[in-house]
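Sharing a structure, written as structure tokens. Questions coming.
Note that the chains take the letters A, B, C and D in the order they are written out, and that residue 1 is the start of every chain.
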Amino acid sequence: MKENMNEKCAVVGIFGHEEASKLAYFSLHALQHRGQEAAGISSSDGKKLHTIKKRGLVMRVFDEAKLKTLSGSSAIGHTRYSTAGDDSILDAQPVFARYDLGEMAIVHNGNLTNAEEVRARLIKRGAIFQTFMDTENLIHLIAKSEETQLTPRILDAVKKIEGAFSLVFLSRTKMFAMRDRFGFRPLSLGRLPNGGYIVASETCAFDLVGAKFVRDVEPGELLIFKEGREPKSIKVFEPTPKHCIFEYVYFARPDSQVFGQSVYKTRKDMGKELAHVAPVEADIVIPVPDGGVPSAIGYSQESGIPYEMGIMRNHYIGRTFIEPTQEMRDLKVKMKLSPMTDIIKGKRVIVIDDSIVRGTTSRRIIRMLKEAGASEVHMRVSSPPTTDPCFYGVDTPSKENLIAANMTTEQICEYIEADSLAYLDEAALLRSVNAKEDKYCTACFTGKYIV
Amino acid sequence: MKENMNEKCAVVGIFGHEEASKLAYFSLHALQHRGQEAAGISSSDGKKLHTIKKRGLVMRVFDEAKLKTLSGSSAIGHTRYSTAGDDSILDAQPVFARYDLGEMAIVHNGNLTNAEEVRARLIKRGAIFQTFMDTENLIHLIAKSEETQLTPRILDAVKKIEGAFSLVFLSRTKMFAMRDRFGFRPLSLGRLPNGGYIVASETCAFDLVGAKFVRDVEPGELLIFKEGREPKSIKVFEPTPKHCIFEYVYFARPDSQVFGQSVYKTRKDMGKELAHVAPVEADIVIPVPDGGVPSAIGYSQESGIPYEMGIMRNHYIGRTFIEPTQEMRDLKVKMKLSPMTDIIKGKRVIVIDDSIVRGTTSRRIIRMLKEAGASEVHMRVSSPPTTDPCFYGVDTPSKENLIAANMTTEQICEYIEADSLAYLDEAALLRSVNAKEDKYCTACFTGKYIV
Amino acid sequence: MKENMNEKCAVVGIFGHEEASKLAYFSLHALQHRGQEAAGISSSDGKKLHTIKKRGLVMRVFDEAKLKTLSGSSAIGHTRYSTAGDDSILDAQPVFARYDLGEMAIVHNGNLTNAEEVRARLIKRGAIFQTFMDTENLIHLIAKSEETQLTPRILDAVKKIEGAFSLVFLSRTKMFAMRDRFGFRPLSLGRLPNGGYIVASETCAFDLVGAKFVRDVEPGELLIFKEGREPKSIKVFEPTPKHCIFEYVYFARPDSQVFGQSVYKTRKDMGKELAHVAPVEADIVIPVPDGGVPSAIGYSQESGIPYEMGIMRNHYIGRTFIEPTQEMRDLKVKMKLSPMTDIIKGKRVIVIDDSIVRGTTSRRIIRMLKEAGASEVHMRVSSPPTTDPCFYGVDTPSKENLIAANMTTEQICEYIEADSLAYLDEAALLRSVNAKEDKYCTACFTGKYIV
Amino acid sequence: MKENMNEKCAVVGIFGHEEASKLAYFSLHALQHRGQEAAGISSSDGKKLHTIKKRGLVMRVFDEAKLKTLSGSSAIGHTRYSTAGDDSILDAQPVFARYDLGEMAIVHNGNLTNAEEVRARLIKRGAIFQTFMDTENLIHLIAKSEETQLTPRILDAVKKIEGAFSLVFLSRTKMFAMRDRFGFRPLSLGRLPNGGYIVASETCAFDLVGAKFVRDVEPGELLIFKEGREPKSIKVFEPTPKHCIFEYVYFARPDSQVFGQSVYKTRKDMGKELAHVAPVEADIVIPVPDGGVPSAIGYSQESGIPYEMGIMRNHYIGRTFIEPTQEMRDLKVKMKLSPMTDIIKGKRVIVIDDSIVRGTTSRRIIRMLKEAGASEVHMRVSSPPTTDPCFYGVDTPSKENLIAANMTTEQICEYIEADSLAYLDEAALLRSVNAKEDKYCTACFTGKYIV
């Protein structure tokens, strides 16, 4: 249960399928966990781009009639997590523009670290910005490039931006997919059953539309899709991989392959490492669902302590604005999670979560387990203490709200009222992701920012 | 009843009232007849602009909570009539932008005749266009101007555009109102009870918020509102008035004053002129509601033929998607309008409408009256034949769909199945609007375009 | 403008048309002015009744898919005005029941004056009541009748009820229409173009579906519709007409015929009588729209004082929950009505309304006219002072809220701030409705209740 | 994943808490899994009952304002699973009635097997039925009882009905809870922190509102709640327990206690028994989520074969009306469930589900696992073959649609394309629910109906 760190987006691109926007729609549904605030699709019918974007879940934004207006054999899509509080939806994607070479639409997962400077420079040169998305920078850079063809302009543009970006561009006749040199955010290439192509933030989108995984788009690579030929690859930057390790810890769907590995298996390995690093005598191992499930299974398998679904997650969750009565404590957590009292009572419990961000939810869970009769509650976290905010496309609380930035593990243990608390250390985490070389970004645990 | 020519927009600006966005909201409600597709408001709290815009009627787009986020003592608003079929709402106003002087929002009623050329020039210089509104041109022109202050930049920008524009600009600390040199579309200035100011497309907005009419913004005038001083006027262009005469014929609310005259009274005078120009022996004069009401009253008073509400308008109109049965003919008109059979039966009826655009509705109305037993139906139209499309901010059918562009009055009379048909001629129309000089645009009747 | 007395319902029945529920739907739309709170239709396919009823306007409650489930060649429908504040919708109609003879649905316009006693007797005999509608009584009475056939049972039942009722019953194979002996509420019979029948509260429903008016269902008459034969008439009660005169004054649509007369013409005649009864020197006669329009035309024609649309009604009305600012007085009225200042200014104005119930709206209107510059405002009301509540199917304020029950005409005149005030007296009102005999209920003006 | 057998309802009653309806609301939310179609609450303020019921999830039906109108210190609530296709919502509960002793509301979980006869008898005696719910019978029986007090009447009524019923009645001053003599459906009693009481279908409702479990309402017991005294118990029938064993198999929430046992633990024990009864050599044990999770854990613990979350359940499920493309097979299942390819590939997989009803979903799941690379798929079902429909309150397909009623286990195995298939036999199932005596209804597996 993580209410505090959130993936900001998902992107998808479909090329060479006569129902491209429909495939984009189903792909976005599979990627819904990466953003629930707004959804959008742009398609090209070869002559003109069509765009629909709106607040809401993918399934609510689109219907049959709308998908029909998104005609053409190529389409790009986006789901968005957003903190913006108004209805202006200025900030939904795809970002669309007409410019001197025609029409273009862009979707973006990531965060540009030099966005402010680039924007300031562009504004000084007379550009206007109609949204608050750094993605808007890209369109300006492409439009203002002195190159005459689109591909060199895109190269021009991406060389001026820094930070994390998995991008898909759509023009009337081509589609482009690009990842930053660090490969912070995932982006994979798949082949559609009929010969077309898909790129998507996670491979779970492939499964739903019947596509086969081909390979990841490489860090620093630009892929160009054009009708009647194989995708062309350009190595724009020398790849220096720094994949976001939190994709494994929490963001990605467990049935996806990201950065070359199964997410589920990697999480399970984190649980196994955790069993070595932070063993404790106990009767049962339980996960905080759903994030902690694979690690808890791994911990159980390695430690031999039985795995139980000691906490249930309620599927009928929604926002209620009804105030609880005085007697109802921790209602917010209890409406989502509830303890299997019979399994918990009198037991020494190891509870596994993927991370602790603010600490308040962990405290409520532990209280709930104790009220259910647990004799001991040992919290084990399948990642190191989250001490630093992310600047590469993840919505993180500021440092003063990250409990691990402000307390020692002992203090946190006391705060969350656990009998013991242990984290997976960085070395063990890297072992579980098979990091032979230093190819992951672990800045949120270490503060060592790359860019 | 006019389904065929539509005013494209309304604008409003409030300056110097602590609940500026609330006043803008009520004003937009009063201006709802000029556009029902989308509504938007931008406010400034002195430091930052806030914008909300969305599809739907004013009352549905905003609620108390949203108006609260639109804080500050100045606000501009817009309602939009639009033919765009998708949900992208890219094309709602205010248009907002960040640029080198800060933040700006613009609302626009009208149509720029050189929009394509200006846009092409801007695009050649690297600009990107994210919407299909010509209003976007203005922001670019202001942003790219080489002047260093906002006022000179606005002057710079408006000198580069041609066509019809009643504009309101909002910056963090100022508000600007501007009308093109011809004064095609109306824009009036009012004073709020507490000392602040309002500008609005029609004076009916003033009444609702308790403002007093001061004067029209002059053709070619720029008004600058700044805290602590009277509005400053700059004569940007030499005024050469060419007011849209169709505002009198149909668009404006009858309780408004536009171009210095009461709309209701002007319409009544058209009816009086019509009685002189196209008399006919008959038993009763009836209007096509609501557009024909004032003219029919005028016609009746001048001719002495009794006025009757011979056709009723149903207030519970909405779109139905239910197919009528075979027996139900002309259902679309009948759900809106129904005849007072008792008044009609056996009578020679003069029916007054403001205009005939495609002719299909007129035919249905006349059939309805004949079915109700009218012995004769004489159609009288309080404007000349509509022969030419408008390029100054009105949504008109193309020339091949304008019945008067393709048929003689006799042919139209036969087509609509009337016993006689007569229009107000241009001279009489100009008399009824007191046009001493040639200060109206009558291009939709004459094809004589000004710009 | 009447916010204070409201017709409670409309009913419709269709028999012998394969798209019966669709005709019921369009008929209910035409009758929407008699109730906007809820709508419902029951149809019979010969074997089974189907019912859909819900809160909301007719157009919102039904769609194509729902109408399809309401299959069969007979259907009855209802629109409801309701003061109930909750979402239980227990009280929408048709009332449906299974009972010993099969299935039945009923719609009812009116009010049973002995409902409480009947209900108490039924309850004593073991009946349960699941709604708060007196219509439920009828089903019980029919179900508990000792007759073995439906027709005698209906006769049995209607003999036990008192008050106002225009009823339509639907069984699997028949339809029944019944009016109380006084004929309080209207109910008319029409013939469909294909040979089937329609009964409806007002004839305006006939026009929309292409039906021809045949005659009114008589007071005290039961009409029985069965396939393959003409409707059969049974005189259940000796008719003693006491038609609700307020149908003419305000409720009915002006394009309807009720109680054998055109509503529009009758209203106009009221205006003419008013001109005789309460003349006053003035410059213009204006109606409070839309209710006062026909009377004002009549007044003008009779007095020779010119008729003007001095007050405009805004079509974009809806509920706003936005609080007005301090400076906006009488916002509620002003959002609906606005004065034609140019017409009003400096004039002696006669303003015609159909009735004064509480007096607050009249006061706001007169203030509005004076603010617009009227030199004198003379209020003329086309009905006598409303002094007594209705018990026959109209929602009236209690006596202490009826201004005319508590003040003299002089006091009311002062309260509403008019320069003079006059009502149509009862005798003149009866003249204008051609009441040769005493066949109208005027209890709301006289307190002389019939039953 | 079970789309084929569905619990029909949940009930709750709150007595003695000043925010009774709010507690009912939260309780219904916890019971939402037992019915998602409609929700309703009736409260009593001592003088009058208040009822709101509507289509939709609990959280959508109620808001703060509505809960406030449901005032009083007692309340009963209901969530409903329904197959009815229309909007009539006649069939939502609570069922409310006025009758000779005042007002009453009832909620019911179960199914009356003699409903048709009782209804026929009542109808013969003149009763009318306004809904299609057998619950309506009860109100009639109470209303028509010759006893003079409510309690004896309730006793009278429940003696005339047969079948499954867990009921809660609300009168103005009392609340009653009653279970049939077999105790088919669960109903438990809890104590609120402030001294009031709660009865609910499942104990998971207690946890959310802070109540403590006291005991089950006994089969055949009537509990009477009255202010100022302890609940009074009346043994109406000699208890002959025949609890619905499917509550353990699938319906109840795993964190509930039903029929005296933890649901989670019981399911786990079923898995353990299954490991004994139907062992197979394999590499991993995976559940069909969420129903199969506890049994799969039990199977794994007993067999020593590792447990894995081999199938993921998507939380963003909703209905889509978008047609899949030709290439997308089994989309409906794939939008809900997806395989952990990495875990499955090359493995011999035991997949555990709680039951097989029609077989189509099982086939799709097994195909999906084989496509993901499973070398063998062995299906194990934690209950016996479902051969017979339920008449005690569960929505079951008819016998011809129950695959186990029409095929042998071998045939089913072939149909679902599994490498092997085995069910838990009845004896083992009874062992896992600790059935010392024959106190469970297993009719859906055996066809041995009790009543």
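In this text, a contact is a pair of C-beta atoms (placed from the backbone, for glycine too) under 8 Å apart; a residue touches a chain by one contact, two chains touch by 3 or more.
These numbers were taken from a predicted model, which means no experiment stands behind them.
Listed by label, the chains touching chain C and chain D alike form an empty list.
In terms of the distance between Cα centroids, chain C is separated most widely from A.
Once the centre of each chain is set as its mean CA position, chain A and chain D turn out to be 36 Å apart.
Remark: chain A and chain C have CA centroids separated by 60 Å (rounded to whole angstrom). Averaged C-alpha coordinates give centres for chain A and chain B that are 48 Å from one another. In chain D, there is no position where the chain touches two or more neighbouring chains simultaneously. All chain pairs that count as touching, in label order, are A-B, A-D, B-C, C-D. Residues 50-54, 61, 66, 69, 85-90, 95-100, 123-131, 139-140, 143-144 of chain A are the ones that touch chain B when the two sit in their complex. On the chain D side of its complex with chain A, the touching residues are 17, 19, 22-23, 25-26, 29-30, 32-33, 36, 57-60, 62-64, 67, 192-194, 204, 207-210, 253-255, 257, 262, 264-265, 290, 293-294, 297, 300-301, 306-309, 312, 314-316, 318-325, 327-329, 331, 334-335, 338-343.
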